[in-house]
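The chains carry the letters A, B, C, D and E, assigned in the order they are written, with residues numbered from 1 in each.
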Amino acid sequence: GGTASSTSHSAARAPAQRVVILATTTSTQDSGLLDVVVPAFEKASGYRVKTVAVGTGQALKMGRQGNADVLLVHAPASEETFMEDGYGVDRRIVAHNYFYVVGPASDPAGIKSAGTAAAAFRKIAASRSTFVSRGDGSGTETKELAIWSKAGTSPKGRSWYLQSGQGMGATLQIASEKGGYTLTDNATFLTSASKLELTSLVEKDPFLLNPYHVISVNSAKWPKVNKAGAKAFADYITQSKGQSLIAGFGGDEYDQPLFVADAGKSETELK
Amino acid sequence: MDDLVQITLLSLGVSGLATAISLLIGLPLGTWLALSTFRSRGLVLSVVNTGMALPPVVAGLAVAFLLWRSGPLGDLGLIYTPSAIVLAEVVIATPVILGLAAAGIGQLDPRLQLQLQGLGASRWQTIWWLWREARLSLLAALMAGFGSVISEVGAAMMVGGNISGQTRVLTTAIVLDVGRGEFGSAVALAGILLALAFLINGVLTWAQLRKRQH
Amino acid sequence: MDDLVQITLLSLGVSGLATAISLLIGLPLGTWLALSTFRSRGLVLSVVNTGMALPPVVAGLAVAFLLWRSGPLGDLGLIYTPSAIVLAEVVIATPVILGLAAAGIGQLDPRLQLQLQGLGASRWQTIWWLWREARLSLLAALMAGFGSVISEVGAAMMVGGNISGQTRVLTTAIVLDVGRGEFGSAVALAGILLALAFLINGVLTWAQLRKRQH
Amino acid sequence: MSVRLFSRRTAFPVDSGERTSALLQVRGLVVERGGRRVLDIGQFSVRRAETVAVVGPNGAGKSTLLLAMAFLLRPTRGELAFDGTPVTPRRSLALRRRIGLVLADPLLLDTTVRKNVASGLRFRGVRGRQAGLRVDEWLDRLGILALRDRHARELSSGEAQRVSLARALVLDPEVLLLDEPFASVDVAARAQLVDDTERLLRETERACLLVTHDLDEAGRLGSRMAVVVNGRLRQEGAPQEVLAKPVDPEVAAFVGVETRLPGRLLSVRDGLGTVMVQEHRVEAVTSLSPDRNVLCCLRPEDVTLRPLGRLSPPSPLTSARNRLEGRIVNVASKGPLVHVTVDCGALLVAAVTKTSTLEMGLRPGDRVEASFKATALHLIGLPG
Amino acid sequence: MSVRLFSRRTAFPVDSGERTSALLQVRGLVVERGGRRVLDIGQFSVRRAETVAVVGPNGAGKSTLLLAMAFLLRPTRGELAFDGTPVTPRRSLALRRRIGLVLADPLLLDTTVRKNVASGLRFRGVRGRQAGLRVDEWLDRLGILALRDRHARELSSGEAQRVSLARALVLDPEVLLLDEPFASVDVAARAQLVDDTERLLRETERACLLVTHDLDEAGRLGSRMAVVVNGRLRQEGAPQEVLAKPVDPEVAAFVGVETRLPGRLLSVRDGLGTVMVQEHRVEAVTSLSPDRNVLCCLRPEDVTLRPLGRLSPPSPLTSARNRLEGRIVNVASKGPLVHVTVDCGALLVAAVTKTSTLEMGLRPGDRVEASFKATALHLIGLPG
């Protein structure tokens, strides 16, 4: 049935290539954001989006190999390398949320008073409290490592420093079970907080900003890339319709919206 | 609710098709392996049995390499379609069915083959009756093959993409729910999956016992 | 490199132990199921075969519920340890070994049991020789069981946590590499895993063929 | 011990005469297989130093009886005792280990010939050199020593059957249960084996239950013969007696009484009865009372023929000898003998050696005199 | 067609006399099983309307020969032809469908009796009512119609063997290959079956290769008898001839020639030879040349005994009759006969009917005269 309807659709709306492959990180899918945005985009544009939620590393790899048309990711450093290497075009900010440093309510390292993430990490290291890292090359891990280096410590190889090598949900679960700390994006944390024995201890540090960008894969490098589709998706989520969907997402269920729509802002504006 | 029905049907369809194809490949090859006596048979058997240990995600990766746009079959546009999942699951289930079928048929009395041929059975008739005689093992092989694909997630994720409404099957939906911390929903989906498997097994077991009252 | 050795050994140890335990549970139960003739035998067989379709992640989830701090066995502190993985893998491999063993033994000539007892075999001696007679199927069952756990990832992730240096096994490492986009490394790990499986299968197949030259 | 003796008595009251001698005994045995009652035997036993040959048509229940007596089939009803001890599931293994069983199908284990033959010993914990020597000795006695390292799947049918026999004999059991043990063995070896087995059973005073289709074998090995038909024990007794004096027409037919003629017993004097068979009056030794219908049974080998017509001397008179004249209607070779059917009004079958047949020149159409002793004619009472 | 005929000729040059009659033919057949050469047969054939009975000791290769002739074993070497057509793997299925095969082991399929018997028909595409009727007819002829809906696993051994027979006979094949087809069938049914089979083969003019351990059966069913020993075809010929005139000592022993005495052929005149056996001088009809060592073969049924000592009349003189006096050393019952061993210097075995034994009162120790015709004494040439 799929192919039959697809031909009739393409005849009506006439996008040359209807399928758009969106490679994204698991956090956007796990939070449920894409379940709202993608169907709306499909309805509005006539494209069919194949959302592939994978690790950040794999998403970027798929972009590098031309196996995706458009990326929605949150690992600024890796993204910049990706752009510099010429695999992406048209990188735009979509939204942001924040990372939290979370841990057990008892807060054995006493980081609640630390103020900044770096200070909190120093306390964790000093008290040798358990810290669970994603360790999966995700944007979250990249950010975590940046914080460690800002804090001036290197936790790798320490017995209290665990690398889960898993997604945010699983990592939070491990941290909860082990009574340890971890760094999490607020969207994932808020959606699963009820099942966890973790509280948010450090937030609102500007360094903990978590920006999401949309990047179109360079069709000059990979001619098979659906350039028009990628642009259409990027346009949609950075323009009014998409932005309002993002801004409203999660607001009813949680005390705060999970994402802040940022289209058009520049990196520096966010901080 | 609609979603659930669609996911369930897709799971069933994809796994069923993959199992059927694996059966079509594995049963003849397994039969041949069981009945032939060439030198390196042990080696081939080991390779096949090793295939049972192929991690689904690796099967998925291999198929993805094939089907990705950058791969040799990229132009077919099969990646992130149910067909891609079927392909990967065939890779997973075939060694299971092949290996177990070879074992089951290999356990038959070798003289049975002679007796059948002596009754005038053609090659295919002979094989058909050997299958009948080994049906207990072959049904177990079928069930193990089906079980291996209906329950696998790595390949379905990798080449299917777990795309809602398109390639989301029960297992990938379960993993998604688990990732979201929605354990209740995950367990419910698992319940559906197991109920399905039970239904199919029940029908097959019943058919097999009916034919073989002690 | 050290890491690689440790991960490989852990994989082998965990899967080996889980398979061994599953064999200890599945083989006797499967034998009993094959030889007994009680009324609801078909039902039990169906349930067992359904177990082959249990998604690893669900098995993992079930064991996690048990072992999480909030669970009934939480105080044992087993979650995110290799023991937890073993436990979950036992849940996965047992139905496989049980179901396939039952099929293999069920395919034996029922008079063989009488002949053995007639020769003065005790219950255990009888069962031992029946196993010998069905060894082709039983080895395939063992390999399928081992294959199902050495290749599974959902349960190992869920209850093991894939914690580097502690509970990271080959499959979870592969999944991690895939997630990182490090496909080459993933394939290399898969190579190690398959080489391992091949080695084990080769040894078992050789042992079995040695005893059964045509 | 005395308590057990007591409980044994209550569980299975065997009369004291039997208790000493009956090694294997069943009582009220009913066995159902596949939902059908295939065996229903009131009382049957195998005594020490005795070989009971069980014969009967296909499907009669002989193998079932043997399986039941090896405690391998749970009977629907009935009591079994081994050496005076009632057989219970708990005791059955220990008792079974005093038995040697050979099934009709060799059902060899998937290993070498030697290990097959050693299997029963291994089950009893006998291993090592001692066991090896015993195994080799029996392989040798059965003429299959050369095959000892062969895989059991690579044997001819006769070879396989010998392995199966060796497997039971090596155990030197108190009771041997043999189900058609020589069926696939070649003539020469079979003659040898029957002789050997007979000697073995006699010398070691072992009990044996032998199921066979060879009445000759049954007669040679069996100290008693039991005829099972349709799940029931029809007759039991010395082989000669069963062959000569079957109790009913079915048994008569089965044991090879070719001449079975209905007649009427007119009178009996001093145990010698006069029977009217069609127009003939013949004499038979009988214990039946007169004035009843009978079946006259005559084994072919008890009938002698004499050609008539060609100036034959009058036959010498013997006491109580029946003589009937008739015409040969059929001559059929049966092994070393020839079965000659003579129509004397009623049809009589006589067994004659080939040599005699040739010498007398017996051919269909010839007139002959058939004679048989009154003791050879066995009467079975019929209703009416 | 003519091309095939031609190529057939080159591939398998059969002489024209045989081509018309040999239905199944092998030449230079060598079969290896389990790495051992188990069969090595120069030339052997089964002609139309002929039954060849194959006999031989266990493990001789009889079943192997039968499997090879059913194109079921790929021979190491050798050529097979069916109806003049060389058998190739491509043609073997079509040719095999003209054959009916019964293996020694019934090997029934895991289904009902009826479906088992119908299986061969189904393989040939024969189904439906027609097939059903044929199946039922044969089930009836074999006395197992009542079992037709039984599962094949629920049969006694004899019942299973009858199913296996029915399965082959229902096909009405051009050639029947039967491997010990009656081994587990009961005496009565067996006699009936042998008769029936004989009539069937005769009336339908079918070819048949029958492997059996029953020499009597072989003699009755076989128009020819083939003796296989140790993988080689030792002798072929009319059953009477094979039994009476075995070509070598091994065959002689196998076919039941109990008296086998070494002697020296002194002279031959007009085909009548004089042989010195120990101190005795006996006469035998022979075609051997004199002055060589021979084995004197004598079947027990060809020897007649006459008690001596108790005022016995001088025995009537018959031409070329050998007479030896001796003392009985053993009397053993063999079915309806008694084998009496007489020590006349050399040991002679005579078969006597039970009745004669009793009438003559033969007992060990008695002096008797053993006599046999010169035609009954068969000489086998020995080296030297």
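The rule is simple: a contact is a pair of C-beta atoms (placed from the backbone, for glycine too) under 8 Å apart; a residue touches a chain by one contact, two chains touch by 3 or more.
The shown structure was predicted, so the numbers you read here are calculated from the model rather than taken from an experiment.
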Pair of chains whose C-beta contact count is the highest in the structure: B-C
Maximum centroid distance from chain E, chain identifier (CA atoms): A
Copy-to-copy rotation for chain D and chain E - C-alpha atoms, rounded to a multiple of 5°: 180
Chain A-chain D separation of Cα centroids, rounded to whole Å: 90
Distance between chain centroids, defined by C-alpha means - chain A, chain B (Å): 36
Averaged-CA centre spacing for the pair chain E and chain B, given as whole angstrom: 54
Between chain E and chain D, distance of the C-alpha-averaged centres to the nearest whole Å: 26
For chain B, residues that touch 2 or more chains besides their own: 110, 178, 183
Contacts with two or more other chains, residues of chain D listed in rising order: 105, 151
Contacts with 2+ other chains: residues of chain A: 62, 170
Chain contact graph, described as a line, ring, star, complete graph or other shape: other
Full enumeration of touching chain pairs: A-B, A-C, B-C, B-E, C-D, D-E
Interfacial residue positions of chain D with respect to chain C in the complex: 67, 70, 72, 93, 96-97, 99, 101, 103, 105, 107, 109-111, 119-120, 122-124, 151, 167-168, 171, 177
Interface residues, chain C side, partner chain A - complex: 68-69, 79-80, 157-158, 161-166, 168, 172-173, 176, 178-183
Complex contacts: residues of chain B adjacent to chain E: 109, 111-112, 114-123, 125, 129, 132-133, 211-213
Of chain D, residues touching chain E in the complex: 33-34, 55-60, 62-64, 104-105, 150-151, 154-159, 162, 179-180, 183-190, 213-216, 219-220, 253-254, 256, 300-302, 304, 333-337, 351-355
Touching residues (chain side chain A, partner chain B) in the complex: 2, 19, 21, 26, 29-30, 32, 35, 38, 50-53, 62, 65-67, 167, 169-170, 172-173, 191-192, 195-196, 222, 224
